[in-house]
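Okay, so subunit A shows up in both of these, paired with subunit B first and subunit C after.
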Partner chain A sequence: MGQWIEVCAAGDIDAEDVMRFDHGGQTFAIYRSPDDEFYATDGLCTHEKVHLADGLVMDNIIECPKHNGRFDYRNGAAMGAPACVNLKTYPVKVEAGKVLIDTGA
Partner chain B sequence: MNVIATPRDYGLLGRDAKLAEEMGLASAQWYQCPMPRKRLKELMQRRDAPAILDTVIWIASFLVSGGLAYYFWPTWAALPFFLIYGVLYGSSTDSRWHECGHGTAFKTRWMNDAIYHIACFMIMREPTVWRWSHTRHHTDTIIVGRDPEIAVMRPVLILKVISMFFAIPQTWGAIKSIVRHAFGRLGDEEATFIPEMERGKVYLVARIWIVIHVAVIASAFYAESILPMLFVGPLPTMYGAWVHVMTGLTQHGGLAEDVLDHRLNSRTVLLNPVLRFIYWNMNYHIEHHMFPMVPYHALPELHKDLQPYLPRPNSGIIDAYRDIIPALWRQRKEPDWHIEPKLPAGVSPVTAAAE
Partner chain C sequence: MTEASMVIVGGGKAGARAAVAFRENSWKGPVTLISDEALAPYDRPPLSKAAIMEEAEPQPVYLLDEGMMASLEVNFLRGVAATAIDRNAKTLSLADGKNISYDRLLIATGAEPRRLSQAGAERALLLRDLADSAKIRSEFISGKSVAIIGGGFIGLELAASAAKRGCHVTVIEAQPRVLMRGVPPDIAARIAARHAEADVAILTSASIAEIGSDRILLSDGREVPADIVIAGIGAAPRIKLAEEAGLALDNGIACNTYLQTSDSYIFAVGDCCSFPHPVFGNERLRLEAWRNASDQAIVAVENMLGGQKPYEAVPWFWTDQYELNLQIAGLPQQGVSIVQRVPKEGALILCHLDAEGRLVGASGIGQGNSIARDIRLLEMLIGKKAAPDPALLADPAFQLKSLLKP
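Entry: the complex of A and B
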């Protein structure tokens, strides 16, 4: 277990949207689902290292903005070509209106 | 002034493939026009309705043109209906293949996949191979040695370009490829962009397609008529190809190679509603390459938003070919020469990889 790191205020991310978060030389994608749950994954698509935060969130899916690679951001599962490798996910919690992630570092 | 021609190696395993990597042109960061996140999200929203309506019209057009062609066969009155049917079969499938391959035409995934596979069969583009080749095309657009979808290579062979309007090189290439895949063999270049886990699908589809094509040919022999082969198979792919080649060559024809700015290697052309229906708005090609997840039905809106940063679009097919024909003709002897689109005042192009 690493250290919880503050990302942003919960209200900074719209429902069914994603935000980029860079920390410690790593880039993450932070999601807010349509039912107001928060999730975090690696920020780059496993297909060709494109920032997922520029993509489209549809329900529980994040779609890469470049090649339509799709992942379930709740568990990182790749949903089909061209995304063939799962995304790494990270624990997220909301405390006092702030979104925190545990990068494991 | 004489320009010295530089030999190019378009092979994905050749000299220019290595050179592109060394120059930072492979999987590089491309220029994107400024676009607020909220607006882009609006434009990327998926909808089923526009593509369902288009698809209903599309299928109805197939049925009416095909039905009348069948009704009037074997008289000359069938000819105009076959011409329409052919354009639907061999040309409108180019954009359906393309948009559904991006997964953006419909909101519902299975609808994209269903139309993708039907269109792939008609235009004879193997679905898995072309899904992956197109992925590479978007990563490395018109980068020599990296992009497997460069339609016109330089120095330009004019006869080859003319033959493309009848899909002769494309169809011959497709037949060889399908047979090779049916035997469970992948080309060395294909192996550079199709992952191992996807290859089984390539072989399976090739075998299914061969069974269908053999069945059509057998039915023609059985009926003692060429009619079945005029409706399904390589013939309609070929006699109907000219519209998609006409529109397709406008995408990148005559423009720069080896740049990282789609405004320099892609072209936007304003088209009439009939061609835009056939082509599913792919005439907004700079916009499509810059933001590939914007569905075809939102591209006119994206075009309006990006206008301050883009070159003036061509006003139509004739206007576009006024640029393209002299450019291709010149590139027969001067392969390094290319059209340089004029960007709006104060807007600079991006021509090289960032340090």
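Entry: the complex of A and C
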């Protein structure tokens, strides 16, 4: 277990949307699902290392902006070519209106 | 009675995607993929971009490698062309003398670059495969003059790549502006301005009289220095196989909405075929676009296995030049009015509406992936034949996604 790091205020991310978060030389994608849960994955697509935060969130899916590869951002599962390698996910919690992520570092 | 067999001719984007799709659809019988190239299927878009620009010697980006083909049990025949189809016997002849019988055949032979006809044309390099790209790369030596004939996507991508390698670049375009086909003037103007910034000279309304040994002579008497000459004047569908087999042609191999040719046992996909598009009044289109090749493969395979699925994916294309990304969705040329949307500073999106206010196209340009999300949403709205309020489209704070919700 690493440390909890503050990302932003919960209200900074809309429901069914994604935000980029850079920390400690790493980049992450932070999601807020339509049912108001928060999730975090690696920030770059496993296909060609494109920032997923430029992509489109639909329900529980993040679609990569480059070749439309799709992942379930709740567990990082790649949904099929060209997205074939799963995304790493990270624990997220909301405390006192702040979104916190455990990068494992 | 032998087991039913699925045969694919052409190991490019469409053929490779089809091979995978047969297994995704739980087809257990034989799948044969035939390619006249020596390599396993690889991606073409990098050939004019990263493969030319990167310092390291380019490696093919494989779409399907040996390992994947083995695990999918795809019978891959490389370096051998299919030469004839016997539609009565349902067999395919190969250049090495073998015959292969098929139950269903998929033609995915792609397109090939058009050649110039002027004197000296044999000196012009063409770009379609990996070897072409490697040859062009080896010629792009800093300080050399490069003349690119044709201001379309391939020509302009190569111009940007040549400039990056330190060449002196001139683009010679016959039309009054670059990207005349399918790209609105405002977006083309941004691309042209970016080339000017990189000292790439673009000559428009220019026609070629002669290609000399170190220069090109234009009809108006101007001379363009040309250590290297490249022709990027479009591509023609590879139809020879289909034509000789008597399949119907119409700007490529003519397919119906199920991507079936005039022979119900033969389907065609990708750059080689044309098809009616239900979202655009069944206008017959032939697309030379990466995503279309793979989307068509998925639909055609379903139909080859007995499905009845019309192909209705909205056309989509991108090009990368310098730090700019340009994308086109739908058919902007069907629009009669344009609504501008500026999602981020420096980015520009045009929404193209027809006379009834229906969204028929979206085009955009911006740095990196700055326009990707909005273009994707507009593409979905085009597919739904939506007629959104122009004021909402123009408002960058307005979330296009909400228009898709019931």
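Rule of thumb we're sticking to: the second predicted complex is superposed on the first by the 105 of 105 C-alpha atoms of A that agree within 3 Å, B and C clash if a C-alpha of one lies under 4 Å from a C-alpha of the other, contacts with A are read in each partner's own complex, and residues count from 1 in each chain.
Just so it is clear, a residue touches a chain if its C-beta (ideal position, glycine included) is under 8 Å from a C-beta of that chain, and two chains touch if they have at least 3 such contacts.
Because the structure is predicted, anything quoted here is derived from the model rather than measured.
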Worksheet item: Between subunit B and subunit C, positioned on subunit A by superposition, is the outcome a clash or a fit?
Response: clash
Practice prompt. Mind working out whether A:Glu63 is in touch with subunit B, subunit C, both or neither, as first, second, both or neither?
Written response: both
Item to complete: Determine, under the contact definition given at the top, whether A:Lys88 touches first (subunit B), second (subunit C), both, or neither.
Response: neither
Item to complete: Tell me which partner A:His51 touches in the superposition: subunit B (first), subunit C (second), both or neither.
Response: second
Discussion item. Quick check on the output: what are the common subunit A residues between the subunit B footprint and the subunit C footprint?
Written reply: 54-56, 63, 65-68, 81
Practice prompt. Could you please specify the touching residues of subunit A with respect to subunit C in the complex?
Written response: 14, 16, 50-51, 54-56, 63, 65-68, 80-81
Worksheet item: Taking the complex as given, what residues does subunit A use to touch subunit B?
Response: 17, 47-49, 54-56, 58, 63, 65-68, 70, 81-82, 84
Worksheet item: What residues on subunit C touch subunit A, complex-wise?
Response: 17, 20, 24, 291, 368-370, 372-373, 376-377, 399, 401
Worksheet item: What part of subunit B is in contact with subunit A in the complex they form?
Response: 27, 37, 40-41, 44-46, 102-104, 107, 128, 131-132, 135, 138-139, 195, 197-198, 291-293
